[in-house]
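Structure, as structure tokens:
For clarity, chains are labelled A, B, C and D in written order, and residue numbers in each chain start from 1.
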Amino acid sequence: MVRLHRRGDRHDLRDLTVAIRFEGEYTESYADGDNRDVLPTDTMKNTVYAVAGRDGVGEPEAFGLVLSDHFLERNARLERVTVDMTDHFWRRIAVGAHEHGQAFVRAGPDARTARVVRARGFVAIDAGISDLLILKSGRSAFEGYARDQFTTLPEARDRILATSVTATWRYRTADVDYGTTWRAIRQTLLETFAEHDSRSVQHTLYDMGEAVVQNLDVVESIHLVMPNKHHLPVDLSVFGLENRNEVFVPTEEPHGLIEATIAR
Amino acid sequence: MVRLHRRGDRHDLRDLTVAIRFEGEYTESYADGDNRDVLPTDTMKNTVYAVAGRDGVGEPEAFGLVLSDHFLERNARLERVTVDMTDHFWRRIAVGAHEHGQAFVRAGPDARTARVVRARGFVAIDAGISDLLILKSGRSAFEGYARDQFTTLPEARDRILATSVTATWRYRTADVDYGTTWRAIRQTLLETFAEHDSRSVQHTLYDMGEAVVQNLDVVESIHLVMPNKHHLPVDLSVFGLENRNEVFVPTEEPHGLIEATIAR
Amino acid sequence: MVRLHRRGDRHDLRDLTVAIRFEGEYTESYADGDNRDVLPTDTMKNTVYAVAGRDGVGEPEAFGLVLSDHFLERNARLERVTVDMTDHFWRRIAVGAHEHGQAFVRAGPDARTARVVRARGFVAIDAGISDLLILKSGRSAFEGYARDQFTTLPEARDRILATSVTATWRYRTADVDYGTTWRAIRQTLLETFAEHDSRSVQHTLYDMGEAVVQNLDVVESIHLVMPNKHHLPVDLSVFGLENRNEVFVPTEEPHGLIEATIAR
Amino acid sequence: MVRLHRRGDRHDLRDLTVAIRFEGEYTESYADGDNRDVLPTDTMKNTVYAVAGRDGVGEPEAFGLVLSDHFLERNARLERVTVDMTDHFWRRIAVGAHEHGQAFVRAGPDARTARVVRARGFVAIDAGISDLLILKSGRSAFEGYARDQFTTLPEARDRILATSVTATWRYRTADVDYGTTWRAIRQTLLETFAEHDSRSVQHTLYDMGEAVVQNLDVVESIHLVMPNKHHLPVDLSVFGLENRNEVFVPTEEPHGLIEATIAR
């Protein structure tokens, strides 16, 4: 869904993908084909458009709180509703020294995510980031690991470390400035990654997660998933050239996928 | 990995994608960058190749049992290892009346999956199917559902029901003829889908799962995920043509995703 | 588009993706924004549905001939119209010994393609196949190639040859039994691939194309694109195991893409 | 390939995907399986790494000129070689007020492309941009188009215009500051898109291409491909809400794809 907010010549734009998940006591629907308490996915979709039109769409977390409340109140068999959102970034196009009010260029590839889980008497608010591709070409090693009869990997004192971060964190409260906090967490993840003396993907992942929990009081815990996007150095010496560890082949598969949750 | 078994002029082929997941007490690796007990993903990969070369690859479930045992025995900090496998189908090419011994054509799009989860004193064996695309053009309705102020969906007495099944079932025992059972379950899913008088995706999903649990004693439970791949009928009357519910537009998004677990 | 043909209890199904390309003298539309002679893509889409509803959809080639004629007759500025079609296969689900009349399972991954190009006083009919994945594990070598200072590839006397064939052929006439001919060409491609003593992808590609042109009089020429989907043998001797050329790693990139046109 | 240039603490990074296409008189290779004049794709790949290591990688166009010359000189049967390159952007991570010398975050989704085509006595240098996603929410209409019996599209005086631009332009000379020119053309495309009073995608496409040819003397011609990424307005009045043309559903298919070449 794209929600446009027209403020005269200056339009604001929210480009949000929304997924809604119902969990509950729907045995009669599944076992007997009794649809009386089944809310069609088509109606869920319409509800998203209608609420967006009626109330506008500000921070995704706030929008998810409204939607989840709407569904839980009106569906008696519903025990838990999850609203997952992905917010795609559009930047205003600069024309000369000015930002254009009605023309946008997509920024990325990373996107902002949010999730609201609501049950009877329970609500959880998560936010996150997906597809944050980062790479460091210095201060990254992988040495001293376990060895067995199948080990062939050479130790690396100076390797490229590249990954695509998927992070999800839980807020301790709903009293959060969601947009500002999201940008602060993104910046904390980037800076910590850049500055870390990495001994492994695990090591850097932990440092990034710990920095978020330490720097941002509103964060209860953070889950990080970081695939190891291997960059294999090419041995140029076989071509009679000096080898200065400067040419790399990115490989997709097989790769390692590292993940952990760091809690307060 | 492709594992070739050469039996004279007749080769057997196994095309298996393997993913291995370690869970355990690795705090020192994450927090301190101490790699001493970290088995590199590169070594895991080599282990898959070496075990496949040494022992051959028969049924994926059996291969997963060997691999998971190998890793759990040799890695003291490892608490739980999960081996996920996808088995891609290749059929022998027919030349005249004969099947060729060394030439294959890919069949699909569905694939066979298997998962072995092993912990200290625990093992679970799951099998499954992914990307099984099925469609029925008769005996499928969706009526009598809940209505609210945002409902616009017209009731359908005769609609196309299309989905891409992802099924995963758990075996009650390791004493299973995995290949034969897998084919029997696939056939049960297909036949039940074909014969069902469907009142909703949920209704058909339940019937399919129930048939598997009832027909196959070795199955403990089955989890089914079935997205509703909507096929919207085109109203030809606006073009001055008779409308016989015969032209449909498949739409990707937005769509519903239905899932449930049916246990014995 | 899915076109259903209801013949009592037995439905026939055509699942066709259609792309239409207009080329012509549209300077005023581009340069001046004059839309008077612009047929919206929305109307093209509607036309596909309406013609499919009115006339039914039989062989894609025949459907493309009707569509292209429709557009060329009604749009004066149109100089050339191309109709590209992909026909996705659905097989009837077998229930016991019988085929079900209204339930289908997707077959593939290969699909049938067709293209009709029509201009004033000109028409060309092409057919083809896409995503035909084939693999041979015997009678495939790659030796005696050019060498220079950057050559590191070892010669292979017995390698896996795997590819995903995209074939497009032009018919010499419109008087073709399109469905039967398509199946005969698919079978010729498969059998020739299976039987060939391959010295390279190029060598096998040529033999496959030549067989089609020789066996099928209605074919004027055939264009084949065959990426070399490398399967690298794993050297098990580094693990202390005997190396019998039986374990392979499929690699996606970098790869070679071989193509050629073989004309009568 | 990732090429790192180490300049003390500050590394420069080039992340380049390279595709090389040989065309020539290779009949003996295809028809007879004679590989003597076949340069393996593996050697082409090695050549890219070796040349990158030996000479470094500056502007993609210059790298393509070196590579194409290398191949054409050494392969007698080669008549034409095409080097296609995609340059993926990485921005330095900002740490406080400073840019980090060795840590990068991927920017996009748009990428820079370049193509060098070289034959005996001929060379052409193209550059381009891919995946430039742009959207305008004002000054965009589509009215007054051709109508027939299948027209259902309502006229739009104020619609969202969204597209993913793929542009390729040819330089009139090799005496170009490639990086500066590329950025100037990207900016010209963006500004023209933002400022245009659009009557159709075609109309805006032409204006963008014309601006590039007029503003940049070194450009001979430009080819633009712009799919119409439809954003359908949701009619909120059916939900009892006021309809202010503010809620839109992006749809993937079916869509229109507009393209044209604008030459000097």
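To be clear about the criterion, contacts are C-beta pairs under 8 Å (C-beta built on N, C-alpha and C of every residue); 3 or more make two chains touch, one makes a residue touch a chain.
Since the model is a prediction, treat every value here as computed from it, not as a measurement.
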Intersection of the contact lists for chain B and chain D: A, C
Any chain in contact with chain A as well as chain B: C, D
Residue-number overlap at the chain B/chain C interface, same or different (half cut): same
Chain C and chain D, separation of their C-alpha mean positions in angstrom: 26
Chain A-chain C separation of Cα centroids, rounded to whole Å: 38
Residues of chain D touching at least two other chains: 46, 50, 150, 152, 239
Chain contact graph, described as a line, ring, star, complete graph or other shape: complete
Parts of chain C lying in touch with chain A, wherever the complex brings them together: 149-150, 152, 238-240, 249, 251-254
Complex contacts: residues of chain B adjacent to chain C: 1-6, 9, 11, 13, 15, 46, 49-50, 52-54, 90, 93-96, 100-110, 132-139, 160, 190-191, 193-195, 231, 234, 236, 239, 241, 243-250
Chain B partner contacts - residues on chain A that touch it in the complex: 26, 29-47, 50, 74-75, 142-148, 150-153, 198-200, 202-203, 205-206, 228, 254-256, 260
